[in-house]
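What follows is chain A paired twice: with chain B in the first complex and chain C in the second.
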Partner chain A sequence: MIAVQDRKLALWNIGVAYAAFLIGTLCGLLQVFIRNDALQLPAWLDYYQILTAHGVLLALIFTTFFIFGFFITGMSKSLGSFGPKVRLFSWVGFWVTLLGTVMATAMIVAGEASVLYTFYAPLKASGFYYVGLALVIIGTWISSFALVGHYRVWRKNNKGQLSPLFAFMTITTIIMWIIACLGVVATVVFQYIPWAFGWTDTIDVELSRTLFWFFGHPLVYFWLLPAYMAWYVIVPKILGVKVFSDSLARLSFVLFILFSIPVGFHHQLTEPGISNFWKFLQVVLTFMVIVPSLMTAFSMFATFEIAGRKNGGKGLFGWFTKLPWKDIRFTSIFIAMAFFIPGGAGGIINASFQLNEVVHNTLWIVGHFHITVGTPVAMTFMGLTFWLIPYLTGRKFTKAMKMLGLVQIITWSIGMLLMSTSQHILGLLGAPRRTAYSGYNNHPSAMEWFDGILTNHVTMAVGGSILFVSAMILIYIVVMTMFLSPKAIEEKDLVDFPMAESDMSRTPKWLENWWIWIGLAVLLIAVAYAIPLSHMIQHAPPGSEGFKTW
Partner chain B sequence: MHLHKYEKIWLVFGIASLIVFLSVVGVSAFSQDHTPAGGMETIDPKKVNETAPFDNPGVTQLDDDTYQVAIVALAFGYTAPELKVPVGKEIVFKVTSTDVVHSFTIDNTKVNMMVVPGRITTKSYTFEKPGTYLILCNEYCGTGHHMMYTEIEVYEE
Partner chain C sequence: MSQENREPEPNLKGTLVSVFIVGLIIIVMWIAVYLMYVAR
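So, the complex of A and B:
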């Protein structure tokens, strides 16, 4: 059991995450009904306001707070209790992030920021929305530096040793995150804030988009890597085996520092201002980032097979039936991984240069990120929640909760399968994303989006409703395990943090020489961005004034 | 660093597939000119209506086999009088915006262009079938985003 002050810190982070999750999923429910014309909002509430809240609260806030809750717990467990400074800065980071969240959310509620979570200029929200988002990032930096400080203390006291795998992966994720945020911080601080408060008149739109996407793609790896951490470090322990290969796990993580950042142009393939050469170069780099995911997939199935055979599984696939399917901590994460197979394949399609034209900004993309961040990441976090909260509160994870957890995971899977399948197909038929209900003047090809069996907005709404029910079950589990479940008094009721053993005896030391990876990452970023970005700045057109079109 | 034999096979297979995918995409892009919408031209977003070709939006025949279509996107529509183009001819779309970011997307085609103020997006496309195609905006641009659409008629000569 980790120190009580560290537990409090982690619980507050997780608590805020689930408050955001509650509001965010409610927004999602409203959206699916509006899109099939079954619901009309009152005049004081706009579809795009809800859509903004859904994106900000789930994609940015739920993920970020949960990730820090997980990191804090794991770092305290693997490296020991936090010192007073680490603890102080972790709290400062938490409060700054929360302050930013509240500011941004207040602006969305006030109708001053219906610009979605991508906030593309020259849509001009209230300056306080951008300040709020900047505070969220700065808060995460403070929390990040607190964890880095904790890690440095450990390194100083354990000279010449490789750090535990959990700590290594946390630091990798943090390094990637800090470099990635430089793009969004640059655009928000130097472009958006002066422009939104009227200190400058115009904004260079293409530059702001490019800096945003410098951050926007590694952002998805900031969500994904903590899920991978659970897959690498937590799952083997639940299965009763060791980490498959410590060195490969570390290698795949450092590859993410290198390749998750110089790839942002693949979100900008159909826009002007970037020449085909540079777009294609970043497409190639995007494909490089698939390699560590392939390595991860191999490690996972190797782990499953070793565990299944240990439990007596025979033959080519007999081990598969010997996995602990009744253990909700495992089943949830297994389903999450399964969703990532089509999710990852879809990502390859999206990044395939001219093929992107077929799917760009259609509902396909919405389907895609619901089976990447919306399930592989989110469901891994759910699978962690089941034991993480009881571990931190010292309460029981009762039989009833285990049953409910199973129901929650199954409903989420069914709901997501229905919703994302129909979104993918509708996208291929051309239905646009980020739109309220519209029949486009009853144009026959738009009518196709409403009358298929799988391809209609009703299937999407049925899926969305099941997802909402699932989300509410999860909220119930969170509230119970946080406040109401009986305290675990006997040894056997104590919930453990499953952290697998990892054999470091053959792991090369250079993997933990961060300056190599930071240096290479900076080099790759320079290759991918320096020339197109400087061209963009030198040949900039007159800037744009702000518009409030909502 | 130790690599399991099966892992080597798996990674070789995976990386080889990625190389094949990239080659298909790259060859098609750079030897057959199948590149996504783009372009490096800039424009003053406040002077769009007095800058060629947007001072005279719509269809212009450039030569026997090429037509140019100039479009201005703005919240929430397109200044596009009577869009009619022939089937089987190369149509060069040029689009810009006077206000926020939009898209110019023709349903059931590969024309899917981001429209960024200050920039001119270009895409060349040849329609294979006649008909009335739906054009819509698929980049969020404000309250009326879902009302932003028009049509283009593709006729047989």
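So, the complex of A and C:
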């Protein structure tokens, strides 16, 4: 069990994460019903407000707070209790992030920031919305530096040793996050804030989007890497085996530092103002990032097979039936991984230069991020929540809660399958994203999109409703395990943090030489961005004034 | 490490087939959207 003060820190982070989750999923439900014409919003609330709140609160806030709750717990467990300075800065980081969250949310609620979570210029929100977002980033930096400080103390006391795998992966994620945020900080501080407060009249739209996507793609990996950490470090322990390969796990993580950042142009493939060469180069680099993901897939299958065979599984796939399917800690994460197979394949399609033209501004993309961040990441976090909160509160994870957990995971899977499949198909047919429902004046071609069994409004509404029920079950589990479940008094009732043993005896030391990886990352970023960015600045088109379309 | 001391290699035939299946899903989905792109 980790120190009480560290537990408190982690619990506050997780608590805020689930408060954001509650509001965010409610916004999701409302959207489904508005699109279905089953609900009319009051005059003071509009679709785009809800859409912005849904994206910001789930994709940015829920994930960020949960990730720090998970990191804090794991770092305290693997490297020892935090010192007073680390604790202090972790709290400062938490409060600054929370202040930014409240500020940005207040602006959305006030109808001053219906700009969606990508806040594309020239849509113009209140300056306080951008200040709120900047505070969120600054808060995460403070929390990140606190964890780096904790790691440095450990390294000083354990000279020449490789750090535990969990700590290594946390630091990798943080390094990637800090480099990635430089893009969004630059655009928010130097472009959006002066423009939104009226200190400048216009904004360079192309530059702002480029700096946003410098951050936006690695943001995806900021969500995904903590999920991968659970897959690499937690799952083997639940299965009763060691980490498949310590070197492979570490190598795949450092490859994410290299290849997750210089790839932002694959989100801008349809934009003029960036020459094809630079788009192509970044598409190639995007395909490089597939390598560590496939290494992860291989490593996971190997872990399953070794565990299944150990339990008596025979033949080519006999091991599959010997996995602990009744253990919700495992089943949740396994389903999350399964969703990532079509999710990852969809990502490769999105990033493939010409194929992007088929899907770019369509609902396919919305379906895609619901089966990437919305399930593989979110469901992994759910799977962690089931034991992480009882571990931190010292309460029991009762049989009833385990059963409910199973119901929650199954309902989430069914709801997501219905909703995201429909979104993928609608996208391929041409239905647009980032807009409220539009039938293009009841044009027959647009009407036909919604005739299919999977693509009609009722199926989508059923899918969305099942997801909301699932989210509420999860909130119930969170409240119970946080405040109401009986305290675990006997040893057998104590919930453990499953952290697998990782054999480091043959892991090369250079994998933990951060200067190599940071240096190479900076080099790749320079190659991919220096020239196109300088062109963009030197040959900037006239800026755009702001638009408020709501 | 000498040959005698090395742990026996685990049987990972199922893993090999599984990753091929994942690869196949990626290729099939990609080709499907590619054909759609060409057809349009």
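Operating definition for what follows: the second predicted complex is superposed on the first by the 550 of 550 C-alpha atoms of A that agree within 3 Å, B and C clash if a C-alpha of one lies under 4 Å from a C-alpha of the other, contacts with A are read in each partner's own complex, and residues count from 1 in each chain.
Quick note on the criterion: contacts are C-beta pairs under 8 Å (C-beta built on N, C-alpha and C of every residue); 3 or more make two chains touch, one makes a residue touch a chain.
All figures in this text were calculated on a predicted structure; none of them were measured in a lab.
Contact with chain C, but none with chain B, is seen for A:306 once the two complexes are overlaid on the shared chain.
Contacts of A:428 after superposition on the shared chain: chain C is touched, whereas chain B is not.
In the superposition on chain A, A:442 makes contact with neither chain B nor chain C. Within the superposed three-chain model, A:341 lies in touch with chain C and out of touch with chain B [touch as defined at top]. Put chain B and chain C next to each other and count what each touches on chain A; the higher total goes to B.
Touch criterion met: A:547 reaches chain B, while chain C stays clear of it.
Once the two complexes are overlaid on the shared chain, A:538 sits clear of chain B and of chain C alike.
Look at A:317: by the touch rule set out above, it reaches chain C but stays clear of chain B. Note: residues 294, 298, 302, 348, 352, 354-355, 357-358 of chain A belong to the chain B contact set and to the chain C contact set alike, using the contact criterion stated above.
Against chain B, in their complex, chain A makes its touches with residues 46, 48, 51, 114, 116, 120-123, 204-206, 209, 245, 247-248, 251, 268-276, 279-280, 283-284, 287, 290-291, 294-295, 298, 302, 348, 352-358, 360-362, 430, 432-438, 440-441, 443, 445-446, 506-508, 539-545, 547, 549-550.
Within the complex formed with chain A, the residues of chain B that make contact are 1-4, 6-7, 10-11, 14-15, 18, 21-22, 25-26, 28-30, 34-46, 75-76, 99-101, 103, 105, 107-108, 110-114, 116-122, 132-134, 136-147, 149, 151.
For chain C in complex with chain A, the residues that touch the partner chain are 10-15, 17-19, 22, 25-26, 29-30, 33-34, 36-37, 40. Put simply, chain A touches chain C in their complex at residues 294, 297-298, 301-302, 304-306, 308-309, 316-317, 319-320, 341-342, 344-346, 348-349, 352, 354-355, 357-359, 428.
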